[in-house]
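Below, each structure is written out as structure tokens.
There are two complexes below, and they share chain A, which is joined by chain B in the first and by chain C in the second.
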Partner chain A sequence: MPIKTLEVIRKRLEERPAELRKLRESGQKVVGWTGYNVPEEIIYALGFIPIRIAIGGDDRLVEVGGRYASSKNCVFIREIVGVFSENEDPYIQQTDILAFDATCLQNFRAAEVIEYYFKKDVIVLGVPRNFYWEEGKEYFGKEADEFARLLEERAGVALDLAKLGESVALYNDIRKTLKSIYTFQAAKDNVISWVEVFDLIQAGDLLDKKEYLSLLHETLAELRALQHNPIIEVDGSEGRIFISGSLIPRGDRKLISIITSVGGRIVGDDIWTGILPHLDLEIKEISPAGVALGYLNRTPHAALPYLDLESDRRLKKLHELLGEFKAQGVIYHTLRYCDPFTFKAKETKDVLAKSDIPVLEIHTEYAGSDYEALRTRLEAFVEMIKIKAESAAEVIV
Partner chain B sequence: MSLKRNFFAGVDVGSLAAKSVILEDGKVFATGLVPSGFDSVESGLNALNLALETAGLKKEDLTYIVGTGYGRVSAPYANKAVTEITCHAKGANFLHPTVRTIIDMGGQDCKAIRIDQDGAVVDFAMNDKCAAGTGRFLEVMAGVFKVKLEDLGALSLSATELVPMSSTCTVFAESETISLVARGEKPANILNGIHHAIANRISGLFARVGITSDVFFSGGVAKNTGMKTAIEEALKVTIVKPEIDPQLIGALGAAVLARNFSKKQGLWS
Partner chain C sequence: MVKTDLYEYPPELREEFEATEAIQFRDGSSATAADVWHFMTEIAPKRYPFAYTQKKYAGVRLSRDIHLPSAIKNHYLLLTMNDRITRSRENGAPVIFVQGGQSVDPYYAAGGIALRPASVGLWARGRHEGLGLNEEVVRQHKQKEKAYHAISFEACQTAGYENIQEGGLPIDMVAPFTCLRCSDISYGVEAHRHGPNKAVKLMNIDYPMRHQADKTWAVEYFAQNLRRLTSEIGKLAGREVTDADLSKEIRLHNEGRRLAIETAELWWSADLPPTNGVDRRSLYQMGGMEVHGDPSASLTVLRESHAYIKERVNKGIKAEGVVDKPIRLFVCGSCVFPNDFRIEEAGAIIVGQDNHWSDISTLVEEDGDPYQNLAHAILSYPYEQSVEVRAAWTIEQLKKSRADGVLFLYQWGCNTQSAIARMLCDTIKRDTGIPTMIIEQHEGGSEQSEQLLNRVNAFIEML
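Showing the complex of A and B:
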């Protein structure tokens, strides 16, 4: 049975660019942001309309972006540059200010290129290479203060801490509701798929935040009425897949569509454009530095170097999510030249092998030339985990 | 009263060749191997018909057919499609139950597959968007030296030296080879270098999936003795001698799976 609220959300997304245009005509400003550690709550509290810049899947735009960025930059960054070069995306057209972070240095490079070639007003938030050190925390707190100051200049008002508190409460509610909805997709007899929840998460990058929260509550109410108590358990014939690795932005559906077409059921992810940024974000102090500290204590991005596998929070979180959503295999994907994930693929595979969780490492890009090769790998992996699950079931019987 | 005979077929449509194997009573009954054309359905049917003709059977005599290879996505003659990775694992296990690692070098890709005692895939890796180490690459090289593809292996084994080859990209390797020929290097020595360059590149796949004895070499390139020797040296392993044409292993595995699936579905007992 289709979830009615999802239809409403799709319709609202179609209407949103025109709505943003009207809001800008009435004097409001739109901040387009991208990065893993951009504290969106501060942008919102200053009265800006935040929208996330995360677009992919178009190889032609990658080529266009490659005229400005290096051909060794990842395809996502090249496409983002390509999008600004053409300026035809209905959301990008509505941005007044851009906010990038330097979690991934390719993201930082995109900010430089876009500012230089397309004369955009760009703010860059510095990010420490090590989130575990006190010096790193102190640095990021100062960067958050400076980020807020630069936004205050553009807003023409000082940051009101009461408004920041309201913003934090709103975002906390969004995160909590998303997590509740996410559990339903992985459950037995699910009425909502992971792909639908993924779309729902990404809708929040573009819609008005208060309206989005209200739509999330309606979605959750519908799910509770249809599915009651979600129970997550393994069915040997499903091929329960967890997606890890590089981001999958709006417009990029190649990997997801192949996995589902070869009989895999996606039940979880830890990707940058999926559920991960919404997990474990606890803000204890209402200030820019306090918000930054909350971001910093989440699962770190793979671009931040960390060598001790035993205490690596990213791997710990991956293990935790695999258990929670009862995944049977991990598809660890690297978007071409998204090096942090390539570098960490083997160690991730080795760590998960100790828990008997198979990992398929794949590399993708937005061109269609690797479609068949990808399909063979993904289909064989789904076959492999289904055969493994069937064998285990036979042994139990 | 006569018991009905059960025949199971596997059809593997690859980029260069289409292969089929018919099994009866756990034994290879007939095989077919034809070059692939543009139409993958027709190629698969040609291979299947050749095996049927050899066996003196009609398609209706087959209990179950499994399609594999890149042509599996459009194989209306098959009851089920399975990837070649799973099929090569089953085929190698059927012939040699002690095999735990498979190197499969076909027309357009190369795979490293690790399997368990039941022939189930434990891990695998494929070469990435590149013709290096594939049948197509060696076909180009055979063209450069103006020798038959099947003669490349023997020619390289007659080498007295190894001429290092710096590139395994098909396009760059072709121009590098032409330069080496112009420099006066002997074809056998250059080919020796080419085979070792490919073998070293393939070693990278095994760094990702691991390698456990016994090791099996399948696919059309496995018929190249020079390639086999170079891989044995690079991986420091001894490759198991195949009992049938190694190019048929995918189709054989598909036929084994055809038998298993049809039994599970109660089509025979």
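Showing the complex of A and C:
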């Protein structure tokens, strides 16, 4: 049975660009942000409208962006640059200020390219590579103060800590509700799919936050009405797939559609446009530094190097999520020239192999030329994990 | 290569060469010019025949400007890398893998030896004796393949993985600056965590970005990184590192940096190029005092060379093999430069590069807290600034070096230099009208691809 609120959300997304235009006409400003540790609560608390710039899937824009950056940048960054070059995306058109972070060096360079060629007002938040050192955290706290100061300058008001507190509470509620909804997609006899939840998560990048929260509550209520007690368990030969690796932004549906078309059921992810950034975000102090540290202390993004394999929290989290969602195989997705994830592909495969978890690495870009090849490989992989699951079930019987 | 067909230094040069200065090493020992001559004419041709190749365009071949003693001494230091580093390490100096284009004062202050990727490669190369040019190229490719296999085929910089994890090279620590310059280095460091060599210590010296030198907290953070670095190296070396140690090292390295700046200014002022491009590059780089894995050795050779360059410039002596009025090229970008032999054959010469020169030409304040001073200087490297600031500095170098054109080169897989290439070139063209060209290098090896060289030659012709 379709979830009615999802329909409402789709409609609201269609209306949103026009709405943003009106809000801007009435004096409000839109901050477009991209990166992996941008503390959005600060942007919101200052009265800006935050929207996430995470767009992909268009090979033509990749080519356009590559002319300004280079053909050796990740396809995601190239497309972002291409989007600014063409200025036709209805959301991008509405941005007044851009906020980037330096988690990934390529994101940092994208900020420079967009600032240089398209004369955008860009704020950049520095991110420590030694993020687990006390000194690194202190540095990040100061960067967050500076980030807030630069935004205050543009907002023309000082950051009100009471408003920041409200903002944190709102975002915390969004994260908590998303987590609850996410459980339903992985459940037995699920009433919502991972793809629908994935879209729902990404809708939050663009919609008004308060409205988004109430839509999430409505979605959750509907889900609870449809499925009283969602239980995550393996059901025969479903081919339960977990997606890991480089982000999959709005507009990029190639991998997801192939997986579902070959009969795989996606039940979880740890990608940075999926559920991962919403997990384990604990803000202990209401201040720019406090909020920022909450972000930094989550599961680290792969662009932040961690030098001890045994205690790597990214891999620990991956294992935890695989267990929680009872995944039977991992598709490790790497975008062309996405070094943070590509450099770790073999290592991740080796680590998962020790836990006897099958992994398929998919290295791809936005062009459609590898579609058939990917389809063949994914079909074989899904088939393989189904057979593996069936034989495991037989043993249990 | 037929091993008998090797280059030989003219014996009649011996007397003149043996009258030149000795190389002084950091441990107090020295190599007289006679020692160097003996090694370069008797020993090295047998141990390292590839360097004596007669192949005209081979990047590893010895400089033919034989009257410039530093050229021979530079090759001596490069070919004795394995002997010297192995010995120093056995005597207790930990060896640390660093990045190219960064200063190394804190590593030496703590009693270590800092080697950048190229120098680590030289050390590894020195352990394989008797190889001709082709065999050496095959060996290098095989090593790199190992790293690609263990990390990623899209990797450009593998932080020495192939040598340290898979080649048995006894590096004690991998601790480069993680600056914006290199897209791969910090992931390369991280990759070591899954290698078999668990003894190697890993550390990223975290370089903040975006107006970093103007932010007190960024300078403070980088200074803390440097303190941790010297403390860790000190532990490996079995000593406590004091502020005075670092101050002393900064003064020493400033001497090299100043000397390199003076040498460059002399070189650039000359009507006729006083050296060929290969020797010019070696001279400037000696100011960074890291290329040979022994700052004192680099400094003594640079001091002596400075006097030679001065004499050549004063007397209007032109380097052998260079045309009278060559087209002057300035090279921007990372870790790759066009083949000097081919460039010179086409009637041009490379007069400078931003890579390495950015750190060598950045002096460090000597009074006050050495960690703060060093951190501030390092965060001020022009190469690591916004495009407008980097371009303004590059334009200053173009003017000083009287460059006619700019080549921006980067390696395939270099994400951060490739991304700034067009912005930098557009700014240079906008502000000076100097023509620029961007080229990507696809393969390494001893000779460059025809395609790359054809493009460079077309650029030279256009100029």
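Note that in this section the second predicted complex is superposed on the first by the 397 of 397 C-alpha atoms of A that agree within 3 Å, B and C clash if a C-alpha of one lies under 4 Å from a C-alpha of the other, contacts with A are read in each partner's own complex, and residues count from 1 in each chain.
Just so it is clear, a contact is a pair of C-beta atoms (placed from the backbone, for glycine too) under 8 Å apart; a residue touches a chain by one contact, two chains touch by 3 or more.
Note that this is a predicted model, so its numbers are computed, not measured.
**Q** Put chain B and chain C onto chain A via the superposition and say whether they clash or fit.
**A** fit
**Q** Does chain B (first) or chain C (second) touch A:Lys346, or do both, or does neither?
**A** After superposition on chain A, A:Lys346 lies in contact with both partners, chain B and chain C.
**Q** Pick one for A:Ala380: touches chain B only (first), chain C only (second), both, or neither.
**A** In the superposition, A:Ala380 contacts chain B only.
**Q** Determine, under the contact definition given at the top, whether A:Lys388 touches first (chain B), second (chain C), both, or neither.
**A** Once the two structures are laid over each other on A, A:Lys388 reaches chain B alone.
**Q** Taking the superposition on A as described, I'd like to know which of chain B and chain C A:Cys74 touches: first, second, both or neither.
**A** Touch partner of A:Cys74: chain C, not chain B.
**Q** May I ask you to decide whether A:Ser369 touches chain B, chain C, both, or neither, giving the answer as first, second, both or neither?
**A** first
**Q** If you tally the residues of chain A touched by each partner, is the higher count for chain B or for chain C?
**A** Partner touching more chain A residues in the overlay: C.
**Q** Just chain B (first), just chain C (second), both, or neither: which does A:Asp235 touch?
**A** A:Asp235 contacts neither chain B nor chain C.
**Q** Once the shared chain is lined up, is A:Gly126 touching chain B (first), chain C (second), both, or neither of them?
**A** second
**Q** Shortest C-alpha to C-alpha distance from chain B to chain C once the two structures are superposed, in angstrom?
**A** Nearest C-alpha atoms of the two chains are 6 Å apart.
**Q** Taking the stated contact definition, name every residue in chain A that is touched by chain B in one complex and by chain C in the other, in rising order.
**A** 346.
**Q** Quick one: in the complex, what on chain A touches chain C?
**A** Residue positions touching the partner: 67-74, 77, 102, 105-106, 108-110, 112-113, 116-117, 124, 126, 128-130, 133, 135-136, 138-139, 142-143, 146, 305-309, 312, 336-337, 339-340, 342-347, 350.
**Q** Sort out for me which residues of chain B touch chain A in the complex.
**A** For this pair, the touching residues of chain B are 70, 73, 82-86, 109, 118, 120-126, 128-129, 208.
**Q** Residues of chain C touching chain A in their complex?
**A** Counting only chain C, the residues touching chain A are 149-152, 154-155, 178, 180, 183-184, 186-194, 202-204, 206-210, 212, 215, 217-218, 220-221, 224-225, 228, 386-387, 410, 412-416, 418-423, 440.
**Q** What part of chain A is in contact with chain B in the complex they form?
**A** 346, 349, 358, 361, 363, 369-370, 372-373, 375-377, 379-380, 383-384, 387-388, 391
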